[in-house]
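Letters A, B, C and D name the chains as they come in the text, with residue numbers starting at 1 for each one.
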Amino acid sequence: MAMMRYAEALNAALREEMERDPTVFVFGEDIATYGGVFKVTAGLAEAFGDRVRDTPISEQALTAMAVTAAMTGTKPVLEIMYADFMPLTLDALINQASIYNYIWDGQVTMPFVLRTQGGGGVGTGAQHAKSLDSLVAHIPGIKVVAPVTPADAKGLLLAAIRDPHPVVVLEHKLLYNTRGEVPDDQGPIEIGRARTVREGSDVSIFATSRMVLEAEKAADALAGDGISAEVIDLRTLRPLDLGAIAASVAKTNHAVVVNEDWGFCGYAAELSATIMDHAFDDLDAPVERVAALDMPIPYSQPLEEVVIPNADRIAAAARRALA
Amino acid sequence: MAMMRYAEALNAALREEMERDPTVFVFGEDIATYGGVFKVTAGLAEAFGDRVRDTPISEQALTAMAVTAAMTGTKPVLEIMYADFMPLTLDALINQASIYNYIWDGQVTMPFVLRTQGGGGVGTGAQHAKSLDSLVAHIPGIKVVAPVTPADAKGLLLAAIRDPHPVVVLEHKLLYNTRGEVPDDQGPIEIGRARTVREGSDVSIFATSRMVLEAEKAADALAGDGISAEVIDLRTLRPLDLGAIAASVAKTNHAVVVNEDWGFCGYAAELSATIMDHAFDDLDAPVERVAALDMPIPYSQPLEEVVIPNADRIAAAARRALA
Amino acid sequence: IEERLGEMHKAGQTRGPIHRCDGQEAVGVGATAALEQRDYVTTTHRGHAVYIGKGLDPRRVVAEIFGRKTGYGGGRAGHMLVADASQGMIGGNAIVGGSIPAATGMALSIQILREDRVAMAVFGDGAAQTGICHESMNMAGLWKLPVIFLLEHNEYGLTVHHTAQSAVPDLHVRAAGYGMPGVQVDGNDAVAVFQAVAGARARALRGEGPTLIEARTYRVEGFSTSDMGGYQRQEDIDRWKARDPLLVSRAGLAEEADAARIAAVEKDAEDTVVAAFEAALSDPLPEFVPHAPSAPYSNAGGGR
Amino acid sequence: IEERLGEMHKAGQTRGPIHRCDGQEAVGVGATAALEQRDYVTTTHRGHAVYIGKGLDPRRVVAEIFGRKTGYGGGRAGHMLVADASQGMIGGNAIVGGSIPAATGMALSIQILREDRVAMAVFGDGAAQTGICHESMNMAGLWKLPVIFLLEHNEYGLTVHHTAQSAVPDLHVRAAGYGMPGVQVDGNDAVAVFQAVAGARARALRGEGPTLIEARTYRVEGFSTSDMGGYQRQEDIDRWKARDPLLVSRAGLAEEADAARIAAVEKDAEDTVVAAFEAALSDPLPEFVPHAPSAPYSNAGGGR
């Protein structure tokens, strides 16, 4: 058991897989010499030579190349520096990666991983603070995970690299320096399983990525008012852990869903609709959606604070659900 | 009052606006000399010269150019041949068009229109049959309309061109040859207003684009079983006509939502969640989502038929809601 | 080479509907003849000549085109997206420009694994204007990837003439911007294409990196069977039809084989094609099978 | 020109934090000095010199950088995205490559409206590798749009040296692939940049189309204030610092103005900057105001 930073846990997963499997390679902007702008790939270039590559600023082709490299014997792990640039990768994901396993009748698999990080809170502005989870989670054939703890970061990245199909790993700029226990023998964590962060009986809060931490703060605040909130970290955005979701709502009869992306036609809408699909009769109140306000992410702190979801908004939503 | 094909109605709207306003110009692939692969722009090049341009195959730059051309005195109308290519336009829509009006504090507006067409049903395969409505509807600052009738096609396109903000017009390859009455003086139709296609008392079917026609067929079938279905054509995907949605559900207490894009984290999820948000107490059953199956659109007819939503699936969903 | 020529000529006889490559067969056929089975090829919506040249079974190609269960994708892919991984043909791509990064990514894989093969991207003059073409060629030149960029310049992108979509008439000149050699060949002369690709392949295997080959040809048929025409000049069509690759290769063969031999090869090709169509058309259509739990797709339609 | 030089030199003294352009001021300042107020300019995350050169108020630029209500975006945009439509500066763009189609689209607008002005895109050597750069330049060359492509080549894209991200060392050679002239100038010599841009502007106004200007310079500071460094060679930094544009222009000025005059201009510039920072830092932060119904945004957070 070792205390590790989230970024270190990701680094450890990459290192282990690259040692174990010579077909794994890592590429992306500024990831080799510099070790990545968030230092997730630090030291890998020294250890693995040309299996760790700095690339030109060409997200569109890089993603398309990861798709076909993965069809032809390698396991690429591509880093896209900011989730804000994911639109540049979507043609490769939607028109290429999504379709081949099906339309070619199983002739090919595509074991590649696309790592990126999103989210706001540090004044990076409208082009560097978005969480575009919803765009990626919409695509058939592509799994999406969003680890919150260092242990999950390592376990889910290991699982993603070993998966025969494309997996997008959504990280968060404010999680890289968070620390947590990581078992020395931390292996792959099954994709598609949620994690109960804390049990509760009055309301279920389903959150993703950094919003799980805000949900925990909200649960503390609610506890102060005698409200027992269950906090569930979905961990995998696609495919969803329907069992865990239904079981929790069956217990609490009230639900709040939290995702840092925009709410309209967003991931929070999917969660809300899914809960209705699978637990309608258990619901005593409509599912509350908490998401970024429907506008660009502002630069100046007092404005950004209002737009990005936080513990206060989550607690308020829980109270509305219970009202 | 004239009988017109959907494509002709769109053509009439473009022609009228170009005559009325010299700052309107039209560009896209194969739209000038050939008049567009669906002939929507037929004859415009002859009438308006260099204000109608064939372009290279460069969706990414074309969209970004429409954004800034619109900031600097013109009103571009860009045609993207297939909705399947929308991923190539998303960086310009999400990282550019979406943000400027806000971050520059109203210094600029962007009166441009992006027309595209999606949908399956004619064996065009996984890269030419998708409806990616959900990707576009997720973006703050960009309106999205999807006309079904020729009159709405003309009225909504006129409104889109005159709107000071970006508007995406989602057309459908199977609608271009449908005919309908178009008033000779058909003017702009307000963006954000749904249309009640037929009144009903037992279940509300909210549909978009061609799915409205399938919903009508489903309503006929249901009528045969004595079920009275209300069919509502949303017409505008963003912003939603919340009043019309809530009013209908208040009357029928049952809802089915239909969208041809994939359901997971898709537009159908937004509709489902929205109905719960605004009409939970009126709902006697969970909202039923009808959407494309969670997989690529197959080429061969017997397979494609199963994946694209149709009247049978809509009717079955209505029956489940009422069961 | 007589053998090769016969092969190409034979393959050249094949016809596919939808996005016909009549009059352009020499490019796909000549180019693939210069490759080995282990080499990878990616192509476009207009890939028929390439499919046949890369050794695919005409019957299964036609079956896919007609959406049959026996097609290479079991009818799931369709005419624009045929693939046979066992032949390194992966595959057709109907997103214009898509075949370019596809082959580049395979070449990256080859380089990382230090394998002895190459990847070739076939694409059009329209595709050359896409951003992804630029990004791919820059990386290929930068990393000296074992990839061949075969630009099939047929003067049109759908209905738009190249002078209305490219700032320059000759596209091989762009190779200089990526530090790779750029050559132009007569796309209707299968032997010329064969030689250019063979040279580029040898160079790639030596680790010297990519080559851009611009094969000039002309689309004598409409863009596709849905094309209503009206934008091509008849004299151009006539001029190019007179230089049909089949006539060109027949002439080439005449110097080396006697008329009887040529007739035999042509007859043989015709028979193969007729048989392929007959067989394919009588094949069954596929039935929908739900996805297995291990598949990355689900059987849900949203909701329950 | 003495005047101009003084102007540039003065502007050159400005400093902005975050993505500093120390040692590269000559490009932004020299280039904008060759434009008129009615001309449009788009730039990158490293646009400070351009902002000042295009006549923006240093105080409001600094205010935006510090997220103040008085900034050009009222604190909504931030340091990478400053814009002042009244000066044709629209605007900074932090999506690498984004400034290129932005100016190209404005040039299209200018051409459609038959206006007498030009658009200029400032971008880096990293941005030159993006696909959108290729698409934009092809269209600009094809349609002879009145646009100037000013490539600020500072040898790095964030931390990656140009030899690790570009297949070719000199990027102006790519202009040939787009049918436009490509020139290379000393990016640390404001006068050389000024003259190249002035020439390109005249050409664009004559309807002869775009020009690609590659201004060679070097990023003597880290990529940004968050940069941990360690990837640049000290000798390079020293060599380039010795050629700091301010020293170069001071030398140039020496021939035309006396030392006292230069000192005065420099003092004046220093004062302006100091004043701008003082004023901006004492300005208030913005408060959140809900969107008006007419705005394209809503005040919902998803759900109710």
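Everything that follows uses one rule, which is that a residue touches a chain if its C-beta (ideal position, glycine included) is under 8 Å from a C-beta of that chain, and two chains touch if they have at least 3 such contacts.
Every value quoted in this text rests on a predicted model; they were computed, and no experiment measured them.
Considering the contact criterion stated above, the chains in touch with chain B and with chain D alike are A, C. Separation between the centroids of chain A and chain D, computed from CA atoms only, is 35 Å. Our note on geometry: chain C versus chain D, Cα centroid distance of 44 Å, whole angstroms.
If each chain is reduced to the centroid of its CA atoms, chain A and chain B end up 30 Å from each other. Residue numbers of chain D whose C-beta contacts span two or more other chains: 73, 76-78, 81, 93, 95, 129-132, 135, 138-139, 142, 164-166, 297-298, 302-304. Looking at chain A, one finds that residues 55-56, 58, 60-61, 84-85, 91, 95, 102-103, 125-127, 140-141, 262, 264, 266, 268-269, 272-273, 277, 289, 294-296, 298-299 touch two or more other chains.
Interchain contacts join each chain to each other chain, per the touch definition above.
Residues 23, 25, 50-51, 53, 55-56, 58, 60-62, 64-74, 91-92, 95-96, 100-105, 107-108, 140-143, 165-166, 239, 273, 277-278 of chain A are the ones touching chain C in the complex. Contact residues on chain D toward chain B in their complex (touch as defined above): 40, 42, 72-74, 76-78, 81, 83-85, 90-91, 93, 95, 98, 100-106, 108-113, 115, 131-132, 135-136, 138-139, 142-143, 295-298, 302-304. Interface of chain C with chain B (complex): residues 67-68, 73, 75-81, 93-97, 126-127, 129-131, 157-160, 164-166, 226, 230-231, 285-288, 291, 297-304. Touching chain B in their complex are the following residues of chain A: 60, 84-85, 87-88, 90-91, 93-95, 98-99, 102-103, 125-127, 130, 132, 134-135, 137-141, 238, 262, 264-270, 272-274, 276-277, 280, 283, 285-287, 289, 294-296, 298-299. The touching residues of chain A, when paired with chain D in their complex, are 29-30, 33-34, 37, 54-58, 60-61, 84-85, 123-128, 262-264, 266, 268-269, 272, 288-296, 298-303, 306, 309, 313.
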